[in-house]
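Would you mind keeping the following structure in view while I ask a few things?
Labels A, B, C and D are assigned to the chains in the order they are written; within every chain, residues are numbered from 1.
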Amino acid sequence: MAKKIGVLTSGGDAPGMNAAVRAVCRAGLAKGMEVVGILRGYNGLLNGEVIEMNARTVSGIIQRGGTCLYTARCPEFRDIEGVKKGRDKCLEMGLDGIVVIGGDGSFRGAADLSAQGIPCIGLPGTIDNDISCTEYTIGYDTAMNTAMEMIDKIRDTAQSHDRCSVVEVMGRNAGHIAINVAAAVGAEAVITPEKPYDLNAIAQKMEQTKKSGKTHFIIVVAEGVGKTEYITRTLQDITGVESRATILGHVQRGGSPTVRDRVVATEMGYHAVELLEQGIGNRVVGMKDNKIYDVDIQEALSMKKPFEEELYKILNETAF
Amino acid sequence: MAKKIGVLTSGGDAPGMNAAVRAVCRAGLAKGMEVVGILRGYNGLLNGEVIEMNARTVSGIIQRGGTCLYTARCPEFRDIEGVKKGRDKCLEMGLDGIVVIGGDGSFRGAADLSAQGIPCIGLPGTIDNDISCTEYTIGYDTAMNTAMEMIDKIRDTAQSHDRCSVVEVMGRNAGHIAINVAAAVGAEAVITPEKPYDLNAIAQKMEQTKKSGKTHFIIVVAEGVGKTEYITRTLQDITGVESRATILGHVQRGGSPTVRDRVVATEMGYHAVELLEQGIGNRVVGMKDNKIYDVDIQEALSMKKPFEEELYKILNETAF
Amino acid sequence: MAKKIGVLTSGGDAPGMNAAVRAVCRAGLAKGMEVVGILRGYNGLLNGEVIEMNARTVSGIIQRGGTCLYTARCPEFRDIEGVKKGRDKCLEMGLDGIVVIGGDGSFRGAADLSAQGIPCIGLPGTIDNDISCTEYTIGYDTAMNTAMEMIDKIRDTAQSHDRCSVVEVMGRNAGHIAINVAAAVGAEAVITPEKPYDLNAIAQKMEQTKKSGKTHFIIVVAEGVGKTEYITRTLQDITGVESRATILGHVQRGGSPTVRDRVVATEMGYHAVELLEQGIGNRVVGMKDNKIYDVDIQEALSMKKPFEEELYKILNETAF
Amino acid sequence: MAKKIGVLTSGGDAPGMNAAVRAVCRAGLAKGMEVVGILRGYNGLLNGEVIEMNARTVSGIIQRGGTCLYTARCPEFRDIEGVKKGRDKCLEMGLDGIVVIGGDGSFRGAADLSAQGIPCIGLPGTIDNDISCTEYTIGYDTAMNTAMEMIDKIRDTAQSHDRCSVVEVMGRNAGHIAINVAAAVGAEAVITPEKPYDLNAIAQKMEQTKKSGKTHFIIVVAEGVGKTEYITRTLQDITGVESRATILGHVQRGGSPTVRDRVVATEMGYHAVELLEQGIGNRVVGMKDNKIYDVDIQEALSMKKPFEEELYKILNETAF
């Protein structure tokens, strides 16, 4: 049974990471454990950059974006030597387990460290929702709402000027943010990495809806597709509708987390500590059928995430 | 197969109702149907207050709070005479089906009208998430985020003055909003209608955490509990911590819907039209295991909604 | 010339106070001074509750509501004995001057302490904009925007239900918030302490505009008028329009400050330090003709603030 | 005395334009005039694209971004022939005057049309605050707050990753948005078109503050400077701090206007109608010493706007 645990955030930051850190800390303390915060991902473990945590350490962080533990990549931890050094540090500090909040790359490190005898639990923290073993990742809801609110504003100016706005949203190689945000803003079309696209067909649809009275257009493009400037110029050239490209960028990563991100982070953080309490490691906590569950890390990493075919169909059928 | 359908909103308004109306309208048009909007709930059906809808009618409404079809209670529709009059109006207008967006009361009307030969589909639209057949109701996410953002602001002043803020959130007889918002703001305690509460125990916990350095407190009270002023005074009397009550009120019902409310409304609206397309009525569309599904209205009305025991436990265990 | 200065916040908290604290701290450091933060208003001075400040102490506070120095009333400081004790504490700590962020009551203390030989500068920090010597007080803009955004949400539900919403906004005995917010939301009427009001006339106007097609109404009531429940019932009784009262409450005091509050706080804080640098005390910093200026505290306290007659006229003439 | 007036929006859209349109419409109606809305700037005048307005036409627009009258450039109106055609259209429609909401280019058209005997009043509507005759332009406050809120979010991720974020804000050839937003977010440095800049000096300051414990940096760059990618790379090369560029883009033009934009728009719109009521044309309404005033258009166009030297100084002195 774990007596002392650590928590770290790794990879890109995401809103709700602080809520997860808080939950891990509080759940650990509630169960009589000592809890330490490990700074800057696995680097802090290797360098001994850790802070003691009590209930007050995590006061007032649940509503903050970013991560109070900082985050960074740690190339050294990709090698077995780095992992062994990490294990030694854990033994030295008396750490009986670690909660790792991050993405697939971070989970690999957690699996490696678990294999060395330090139970590690992964929590899915990324705005991109591109982790296969879970329906939901911490930060996803906030990022989508931020993107949506920005596009709602862009619509004001697109509408005033009878323009087409082509907006690139984040999501790395996945179209989850793009497709949901496109549905939420009532976009004319969405272009995602998972599906082929045909700019001529989009242009044709624009011209058709123009005849029915529509004077402005929103096209959402996923980061994984890119070419936003090219898409914009091409649509303008074909349709003659003045078109503008906007890349929403890093704004989408920050901001105070939504209810959903804070609550899911709290539930996942708590569940992670329950696992460590029982000495269980090498698991990722995820959401399945709207419920918190956990799964073996190797199994998690080999899963494939289905594309939201139904929403994609609805969007294409009803955008006119 | 339906050739002409109507859509109405009934009961309390909720953010996302417009997104649902839009989805019903667009899905109907995409499937070659005529679509009419029925104003002010069942009243508009009885009075013939209906508007023809095309793709432009629902332009620019997806991001708006409230309902562009207005809403109202309709006592006349509770009697079989009213329902029969409604059926006659449908026949007169050539309506082959109706999508009813609202709560349990509205679904009863939809069942009655279905029994009279007009297929009706219910969509769960209420901020309270108090409909048993579905994990999620349209408007719930927006209302929770609005409440949370308001409490985040109240915290600023509670903290500056070393105060306790007791905040009443909506939710009618259910504690769903209260418990999730309490978790999201890191409240010291939550008081919901589903569970007994002990002000002495809460006060004791406040005094204990005060010793560990906490100087301000947030207590969330569900509307169904009420007595917010009394709770505030009592906590102040026991603990000596200056305490203030705030009732968040109708602000929680309005505002631009979140991504989740817009997307779920879109999916549910589309699914409702698919059912009507096949001539199916007397169903409620809901969410189960995070997926859209439908269920018989009578069955839906007899279900019981489970309380969020796990989140309640986490909240109580980790608030200190 | 001042070598070491203190800064405190007193009275009700207001968004932007942190920006002012930050500006005082940074300006002081930039000018080679030592700077201390005095906690919980004048209490901290009397109890020696002070913290050393450096550039990092005020990192990341400019965007936060509330005050990181906490605030409280201090009855002891109303007597000359308390003031003398405060002076002795200043001498003991080597404080050559203090910046006091608060309202008229706080300025009286600043004047008294100045008279005892410790130069004090007042900065107007209150959401109510009820300080006569200045066109603008720190926190006013944020509070108005918060109130406006809440009423914009209330409008969604008022409109959906064909209702009248009577909304009470803060402002203590002044109608500044009320009248500006009423203009900003396009209210049907505003009721402020500075002007008599006639509920029959308001009801009559409602009935008139109803004839021109208006179906919902917003009435803004200033806190200093109160009786919001009574006004609501009376308007409903006369007009027959279903009416609801909402008291916006403490939400208006919190939240991240607007650009205006942050910038004005920065400018005023800087100016206050410039005065102390020259050994000048007993002044309030204010805004006049849109420019930062300073004025003798006694003179400031004897001024009278004009009512916004022009905006009041416009509002009444164009609300129909 | 004017019996029938028109209102149009021209140039780039700005939040608050709708509030100004509403004020012009309502003030005109209150004074017994007929009011028409002219669509898409001067084009609507030349093409007869006008709509009759009543009190309900402008219902629910005060809180919307963009302009309900649409906007567009009109090259034809730059020639005397176009202006004469505009005058003929005014005579044909019986228009006794026009309120033109836009920027300097739009005012030139207003002056030309006034010279042809149709009194025109200009209202300053642009987010850039780059109109010399006025301290304030409609849309400025909203744009700054939007930019600030986005940078507050970017800060979360900059801080979590120990990065430098270089953010380009709008403002055309002027640094007003940049300097105020930089002050509001506590930026390390601001680069504006009005002042020379030295990337080596900025980098040196970054390194210095890094020694005092600062780990992340925000640099604000005005659109008129551009080269944001180059600046970012250069700062990264010199300091070794990982740096990212973000161009905030068109999001800044949209969104629901702030209190200040709505209220100033209302006051300016009302004042414009008062002038037309007296048969006065060829004036721009502006703000001077925080008060609404009006000035001859030619005089307005020849003015020069002072740079905010004081705020620039404060920012540079206190950013460390």
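Everything that follows uses one rule, which is that a residue touches a chain if its C-beta (ideal position, glycine included) is under 8 Å from a C-beta of that chain, and two chains touch if they have at least 3 such contacts.
Here the structure is a predicted model, which means the values were calculated and not measured.
Asker: For subunit A and subunit C, let me know how many angstrom lie between their CA-based centres, rounded off.
Answerer: Using C-alpha averages as centres, the distance is 39 Å.
Asker: Can you work out the whole-Å distance between the CA centroids of subunit B and subunit C?
Answerer: So the centroids are 36 Å from each other.
Asker: Quick one: report the Å distance separating subunit C from subunit D, using the average Cα coordinate of each chain.
Answerer: The mean C-alpha positions of subunit C and subunit D differ by 27 Å.
Asker: If I count partner chains per residue in subunit D, which residues reach a count of at least 2?
Answerer: 152, 155, 159
Asker: Would you identify the shape of the chain contact graph, picking one of line, ring, star, complete or other?
Answerer: Graph shape, chains as nodes and touching pairs as edges: a ring.
Asker: Which pairs of chains touch each other?
Answerer: Every touching chain pair, ordered by label, is A-B, A-D, B-C, C-D.
Asker: For subunit C, which residues are in contact with subunit B within the complex?
Answerer: Counting only subunit C, the residues touching subunit B are 9, 12-13, 15, 17, 40, 64-67, 70-72, 146, 150, 152-157, 159-162, 165, 244, 246-255.
Asker: In the complex, go through subunit C and note every residue touching subunit D.
Answerer: Listed in rising order, the residues of subunit C that touch subunit D are 22-23, 26-27, 29-30, 54-56, 59-60, 62-63, 135, 141, 144-145, 148-149, 152, 155, 159, 180-181, 183-186, 209, 212-214, 256, 258-260, 262-263, 266-267, 270, 287, 289-292, 310-311, 314, 317-320.
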